[in-house]
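Labels run A, B, C and D following the written order; every chain starts at residue 1.
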Amino acid sequence: MTKEQLVSFFSNEFPQADFIIDSVGEKSATIRKKISHDHLRPGGTVSGPVLMEMADAALYVAILSEIGLVALAVTTNLNINFLRKPSSQKDIIARCNLIKVGKSLVIGDVSIYSDGFDEPVAHAVGTYAIPPARKA
Amino acid sequence: MTKEQLVSFFSNEFPQADFIIDSVGEKSATIRKKISHDHLRPGGTVSGPVLMEMADAALYVAILSEIGLVALAVTTNLNINFLRKPSSQKDIIARCNLIKVGKSLVIGDVSIYSDGFDEPVAHAVGTYAIPPARKA
Amino acid sequence: MTKEQLVSFFSNEFPQADFIIDSVGEKSATIRKKISHDHLRPGGTVSGPVLMEMADAALYVAILSEIGLVALAVTTNLNINFLRKPSSQKDIIARCNLIKVGKSLVIGDVSIYSDGFDEPVAHAVGTYAIPPARKA
Amino acid sequence: MTKEQLVSFFSNEFPQADFIIDSVGEKSATIRKKISHDHLRPGGTVSGPVLMEMADAALYVAILSEIGLVALAVTTNLNINFLRKPSSQKDIIARCNLIKVGKSLVIGDVSIYSDGFDEPVAHAVGTYAIPPARKA
């Protein structure tokens, strides 16, 4: 799927999805989220759940890009390590690479950044189950 | 800390925290979240990030209850397995038990339920780092 | 499957499996390993890989006990937290409870102990994929 | 630390460590293990615990290479996804990159291969705790 098709899919099917698709590629995707006051925690940092949500969303975008519109693909496992304090002033960027695209399970890793910084603020690995209906 | 002290802490320090503390006990806590349209995903289920947020919050409540107000305790790792489709009609309940309370790391597991059901919709294990300032 | 059937299966199919099945029950299993010099690390503790192996094995025993002899069931994910220093003088005990038994994925958690102690030395959560051949 | 210093350290301190250090670099290490009959599982594949052990060992080598001889550094968390069936005929290679080197926690990811293949057989992320004695 192209980036344009994915953007259209999310605006129709997930109007509540609050991120921007920066790019999609070979088994990969990069998404971005504008950070506002609602996403912050005491100490002026971005909340952990926002980073988890971005990890999950980046995986989903990479999977759709790779295997097409599987709206019912579901996360079965997500493991996330929080590495550094994100900036409250910068967008959050999540870059996913799929490391296995199987018939029933797809696994990817996600590096999450504050825009403009080299070192990740978090790193996640997640698994999606692909429903058998996909084969139809 | 008592439940009342924790409720007061969250209303003052985390006004954006959108959950109810049901109970706290010996190295444990149970919290609840009302599910509304914003928390749903296509297919009438609760979104994964809502469950991740509840896992993280239940851990934080159990930790504060056990070791006192450590506002700067931070999640370092969260691993979550999604087990069953949550009901869109029921509150989400998260029950945390701390399995290690160390000087610098606290680890707990969290079972997450749709209210009224016996089988969990998700299960998480998470680690918080406790800042050295706690010792002061 | 009964404990006796499992013991027979492991002695025939996994002669290299170096653990004892203590008990199996409703979606659960407990196994035990004698600790010898080969399993130790500097400082007189049991090596992490021994604990990981026991977590994986306890899951496998609980799965076979629940769904029958699925020799080709394979681990897809294992997450382990190391909590306390195990005793070099005691058996290692691993107790698994299955938290989801699905058609294609089975998930369980495992608490690992030094025999005779109340507090676990490690805690793991793992997922096995069940091959479709099972349905035949 | 150089590769030669690490090789000497392991032969003195961990004589039971059964792997070869291929290379160490900037926050990274690659190790190799010869696969023999003891490491196999039914179906002619390498056992999961061998891969877990290699993930843990590659992390430890990368950490020692980066911060010096901290014999008492201990694994606190390891999350591993098994991706493809390893070859029973090839060495197992584990490549670790450290993604955070903090004062008390070091986190790295590890890709594990059957020698000569491009696609990993497993992927792990692990955390080591560094004891305060390091600062002495």
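The rule we apply is simple: a residue touches a chain if its C-beta (ideal position, glycine included) is under 8 Å from a C-beta of that chain, and two chains touch if they have at least 3 such contacts.
Note that the coordinates shown come from a computational prediction; the quantities given were computed from them, not determined experimentally.
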Fewest touching-chain hops separating chain A from chain D: 1
Where chain A and chain B overlap in contact partners, by chain label: C, D
Pair in B-C, C-D or A-B that repeats A-D, with over half of contact pairs matching by residue number: B-C
Degree value of the rotation bringing chain C onto chain D, based on Cα positions, nearest 5: 180
Same vs different contact residues, chain A with chain C, by half of numbers used: same
Distance between the centres, which are taken as Cα means, of chain D and chain C, whole angstrom: 22
Where chain B and chain D are represented by their mean Cα positions, the distance between them in whole Å: 33
Where chain B and chain C are represented by their mean Cα positions, the distance between them in whole Å: 28
Residues of chain C touching at least two other chains: 76-77, 79, 81, 127
Topology of the chain contact graph, where touching chains are joined (line, ring, star, complete, other): complete
In the complex, chain B residues that touch chain A: 13-14, 16, 38, 41-43, 48-49, 52-53, 56, 71-72, 74-82
Residues of chain B that touch chain C when the two form their complex: 79, 81, 83-84, 99-100, 107, 109, 119-120, 123, 125, 127
Residue ranges of chain D touching chain B (in the complex, touch as defined): 76-77, 79, 104-105, 127, 129
